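For clarity, chains are labelled A, B and C in written order, and residue numbers in each chain start from 1.
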Amino acid sequence: MNASLPALPPLVGLDDDANTSIAGRSLWVDARRRFLRNRAALVSLCVLVIIVTVCLLGATLSPYAYDDPDFAAMHNAPDTQTQHWFGTDNLGRDLFVRTLLGGRISLMVGALGALVAVLIGTLYGATAGFVGGKLDSVMMRFLEILASFPIMFLVILLMTLFGRDLWLIFIAIGAVSWLDMARIVRGQTLSLKRKEFVEAAHVAGVSTARIIVRHIVPNVLGLVAVYATLLVPSMILFESFLSYLGLGVQEPTTSWGALLEQGAKSIEVAMWELIFPAGFLVTTLFCFNFIGDGLRDALDPKDR
Amino acid sequence: MLRFILRRIFFEAVPTLLVLVTVTFFLIRLAPGGPFSSEMNVPPEVKAAIEAKYRMDQSLPMQYLGYLADLAQGDLGPSFKYKDFTVNELVNKAVPVSFKLGIAAFIIALIFGVCAGVAAALKQNTWIDYSVMGVAMIGVVLPNFVLAPMLALVFAVWLKILPAGGWEGGQFTFMVLPVAVLCKHYISVIARITRGSMIEVLGSQFIRTARAKGLPMHYILRRHALKPALLPVVSYLGPAFVGIITGSVVVETFFGIPGIGQLFINGALNRDYSMVLGLTILIGTLMITFNAIVDILYGFIDPRIRIK
Amino acid sequence: MRDFLKTSLVAIALALTLNAQAADVPPGTKLHAMQHIVIGNGAEPATIDPARVEGRPESNLTVELFEGLVTQDANGKVMGGVAEKWESKDGGKVWVFTLRKNAKWSDGSAVTASDFEYGFKRNVDPKTASYYSWYLGKASNVLNATAIVEGKKPPSELGIKAINDTTLQITLEHPVAYLVSTLIHGSLMPQPRKVIEKFGDKWTDPANIVGNGPFKLAERVVNERIVMVKNPHYWNNAKTVIEQVTFLPIVNQSAEYQRYRANAIDMTEDGGVPADLLSQIRKEIPDEIALWPQLGSYYYNYNFKLKIFEDVRVRKALSLAINRDVITKQILNTGEVSAYGMTPDIADGYKPIVNDWQKLSQSEREAQAKQLLLDAGYNAGHPLKFPLLYNTNEQHKKVALAIAAMWKRLGAVEVELVNQEWKTFLDSRNRGDFVLTRGAWVADYNEASTMIDVFHSKHGSNDGKYNNPKYDEIIDKAKITLDAGERTKLYQAAEQILAQDFPAIYLYHYSNRRLIKPWVKGYGRNPLGRIQARDLYIVAH
């Protein structure tokens, strides 16, 4: 049954090799040019920039502070007159300001999770898959240990040792985010390394590290981009799980995940508590998604 | 193949599990608060008596060796929290429940996810693609803790056609909502990955050649494109399967399902060391097994990947 | 004094004959055909072994499966259970209980005095590893109980003795007037010696367990449900109306609420009123919220091991600055009562005092608080800074945020909120690793001593390590005072010290709050929150 599977390799790999000195530059220049041609990706990038800017600076537009409860205005609906544009939460705090504040944390968490996954996950998976043999076994078993370890304890331990700090949450999220990515990249690498262009590079005496970085990684980047966009929401929601357990951000600071969780509880009496943070989260993720797709297309070596 | 399996078990699985058990055993004990601390501050003598009953009066290395000795006989010890049961009893009762729920969700996620992904890839950049991927994106974004109460509200409270929770031995009506919530995330992820890799495969030389030869699309898809496109999906399935049958904490706690997820989260919160260890071993074993299966599957999908 | 005790006992015995511990269905009530009830029970119980109960989820079950010497009626009044009557000798030091002859185990055998002797001894035996082993010694003051728990004496030395099958004698360390009130505890049950010795730790398995309560265990699925059915051998079985009780362990409040609305739950757990949906509940099902006062208090503990709160002016200022009515009426709004002291007004044997600062208006209190802080050397330029520790929980968070905002208004206080996951929190609190921490105490029995004792320097839950010899002295004296009026005065004197010393910031007294379907009848307003299925019945609907 396998006979029917033609194994025509993409031929571009060889070109890469021939021009290694300029390929590096042209790959990225090329990618940028193609990315800028992708309208959906470009619009998404602009929207994302706007969201980030609003999250960073928007709070100054509101007369309210993020941690000022108003016991006379609990669960109030959005109202331009009171300048509670997004309404108030269960303690009468302004949701506009809190949504933007939550955005800073969640964007950081999402971006960091994706970054760690892309960097560590990709290199780890590509190395394990390409080198193979004992190293592959050890690296994969290490992954399994990490994936099976009850992560909650890791977070609790980090906090006990280093005190409550936002960075610890980032570390915890980074620690879990790259595991699946590494496995997926390894799977692709196993398939790629038998392809002619890789074998050719090998024969040509290119070092292992160089093959991984120059040939394997560019060829898995498409998949990496897709999976990374899926990781962003997962990590943002993982943070809310940590918060729910008492291991996430400290009140009165907040995050989109924490706001969503609170909003879900009062959905029947105060819809806006869910809708505004959810709206921001969904928009952001769609942007990440289109940017991811754009990057995938731009970086795809086969399309060049 | 047999050699591969044997080697995987004896030279890899067993040492891996041993490392996992050791690391987990000591690290969870470093976390503040023990299994027997409670709001009511019990007198030290009482606490000592309780600890003695659970071997916690011994030194840590002795406890560890004792645990390993029991483990070698398949005994996971008594639960530190649920005093009427051993970990073996609790896990044995919970595993079939989580498996039943998880496998149902897994099959649904696989079928719908792959179909949606392929459809979106074939109709790339059309309204089909956009709507399928839009729904998938919402599936990833919409957290279980939002979806579960919403579904319960609509189907149990308003329409009154499905129960809002409970398991009742896994009757069909009791499974519908939890399975729906559980598979949502995985459908979305599988659809996204399938679409991405299918687009890549469809753009590759050998498919172009096949199309140039005038072969019908469904034939190309079935005979040539599907298998390589599924490679990254298969990579994802190993951890995903383990996650789906063990990690459904929100679904299990919300719908009151007596599975592994509830045991695990309560075990961690209660510092039920023996429970956490037992479940970690279970998850580790599953993880190793399914990753091994995935590695074998690679060989079927792409004969160039030979298992050694 | 002895005469007083006697007359009160006669009164109890009289009350017994009037009140039956069973469902009291008014004549003419049309009962529902299916007398099944489903009750939310919070966390999954750690055990159903009475000797090893840890808290409410467990004792809610043991009081259905077992019956102690005494029990409570629907409104929490203490009444005879297996004991028909009792009397004290030796000035309240020795108590003799006469058991009813028709009390039976669920296997049909008779419940005897030696079953109680065995059960109580098993509770204090260190080998049993009971959380509540301290209770018989510290709360009931039974002779040698504490020494046995500490391993200094064998369990056989416990001051309890079966004189014959129906006569049980309990000897105390010193006279205690309210002994009988303490015996309602969910751990103080007769225990079936034969079954326990035969099956060991497995005796609580549905196939093995034998109880003497109105219900017997039918099914147990961990993390799903516990089903009980009527126990035909229960001595008062004819009066039990409910045929089957199902307890559901549901921690997630919104899950419980959805199941309640889908009519899959008849009564939510104690506290099972989702705070964020209060306005909807009040609008749609106002008659289904049951709220009544609970014997429990919520407060913040100062850490007396630290310098920062040494100055009583600071402690007083922080307490005065809090507008308790905002917390109870606006933020929580489910029947909680603002607290100005430790003991709730409703506690048996207590008459509330009104302390001086309580009489001031809130603005006067705030003005005074500002002045006190200024006197203590704190101002906007040099603010009082400290962290406030609480365990992660929606309600604690709301209260903490509100209080932080109230203190902020003083202009000289900066508080940082620190929430920790439950076990981490317990660890920090037990090790004294906090500056100001949330604390709470819920009564084990209905008598002021259970509350006021918490700030005794030797009490295990005196987390702030407040130590005032004068206070200890008053409490110690109250414990052995037999005259109720005299005791009340001592309790008041103790509260008076708390009102001047500010060892903690008392915030509110808890309420019992549940959602109960309109067809469930027969429950009362037990200040300990206990609702027993044997008192309930379901009307036609």
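Just so it is clear, a contact is a pair of C-beta atoms (placed from the backbone, for glycine too) under 8 Å apart; a residue touches a chain by one contact, two chains touch by 3 or more.
In this text the structure is predicted, and so the values were computed from the model without any measurement.
Peer 1: When you take the mean of every protein CA atom shown, which chain's own CA mean is nearest to it?
Peer 2: B
Peer 1: State the pair with the higher C-beta contact count; candidates are A-C and A-B.
Peer 2: Looking at contacts between chains, A-B has the larger number.
Peer 1: Would you identify the chain whose Cα-based centre sits farthest away from the centre of chain A?
Peer 2: C
Peer 1: Quick check: how many Å separate the C-alpha centres of chain B and chain C?
Peer 2: Taking the mean C-alpha position of each chain, the two centres sit 40 Å apart.
Peer 1: Find the geometric centre of each of chain A and chain C from their Cα atoms only, then give the gap between the two centres in Å, rounded to an integer.
Peer 2: Whole-Å distance between the two chain centres: 48.
Peer 1: Could you work out how far the Cα centre of chain A sits from that of chain B, in whole Å?
Peer 2: Here the centre of chain B sits 21 Å away from the centre of chain A.
Peer 1: Quick one: which residues in chain A touch 2 or more of the other chains?
Peer 2: 156, 160, 244-245, 264, 268 - these are the residues of chain A that touch more than one other chain.
Peer 1: Provide the list of chain B residues touching at least two other chains, using ranges where the numbers run on.
Peer 2: Within chain B, the residues that touch at least two other chains are 31-32, 149, 153, 269.
Peer 1: Enumerate the residues of chain C that touch no fewer than two other chains.
Peer 2: Residues 254, 421-422, 424-425 of chain C touch two or more partner chains.
Peer 1: In the complex formed with chain B, which residues of chain A make contact?
Peer 2: Against chain B, chain A makes touches at 2, 4-11, 133, 137, 140-141, 144-145, 147-150, 152-154, 156-157, 160, 179-180, 183-184, 186-188, 190-191, 194-195, 222-223, 225-227, 229-230, 233-234, 237, 240, 244-245, 257, 260-261, 263-264, 267-268, 274, 278, 281-282, 285-286, 289, 296, 300, 302-303.
Peer 1: Across the complex, what residues on chain B touch chain A?
Peer 2: 12, 15-16, 19-20, 23-24, 27-28, 30-32, 133-134, 137-138, 140-141, 143, 145-146, 149-150, 153, 188-189, 192-193, 195-197, 200, 203-206, 209-210, 223-224, 227-228, 231-232, 234-236, 238-240, 242, 264, 268-269, 276, 279-280, 283-284, 287-288, 291, 294, 298, 302-305, 308
Peer 1: Report the residues of chain C in contact with chain A in the complex, numbered from low to high.
Peer 2: 254, 274-277, 279-280, 326, 330-331, 391-392, 394, 397-398, 400-402, 404-405, 417-422, 424-425
Peer 1: Quick check: in the complex, which residue numbers of chain B touch chain C?
Peer 2: So the residues of chain B in touch with chain C come to 31-34, 37-43, 45-46, 48-50, 52-54, 78, 81-85, 90, 93-94, 148-149, 152-153, 156-157, 160, 163-167, 252-259, 262-263, 266, 269-271.
Peer 1: Quick check: in the complex, which residue numbers of chain A touch chain C?
Peer 2: On the chain A side, the touching residues are 67-69, 71, 74-75, 90-91, 156, 159-160, 164, 244-247, 250-252, 262, 264-266, 268-270.
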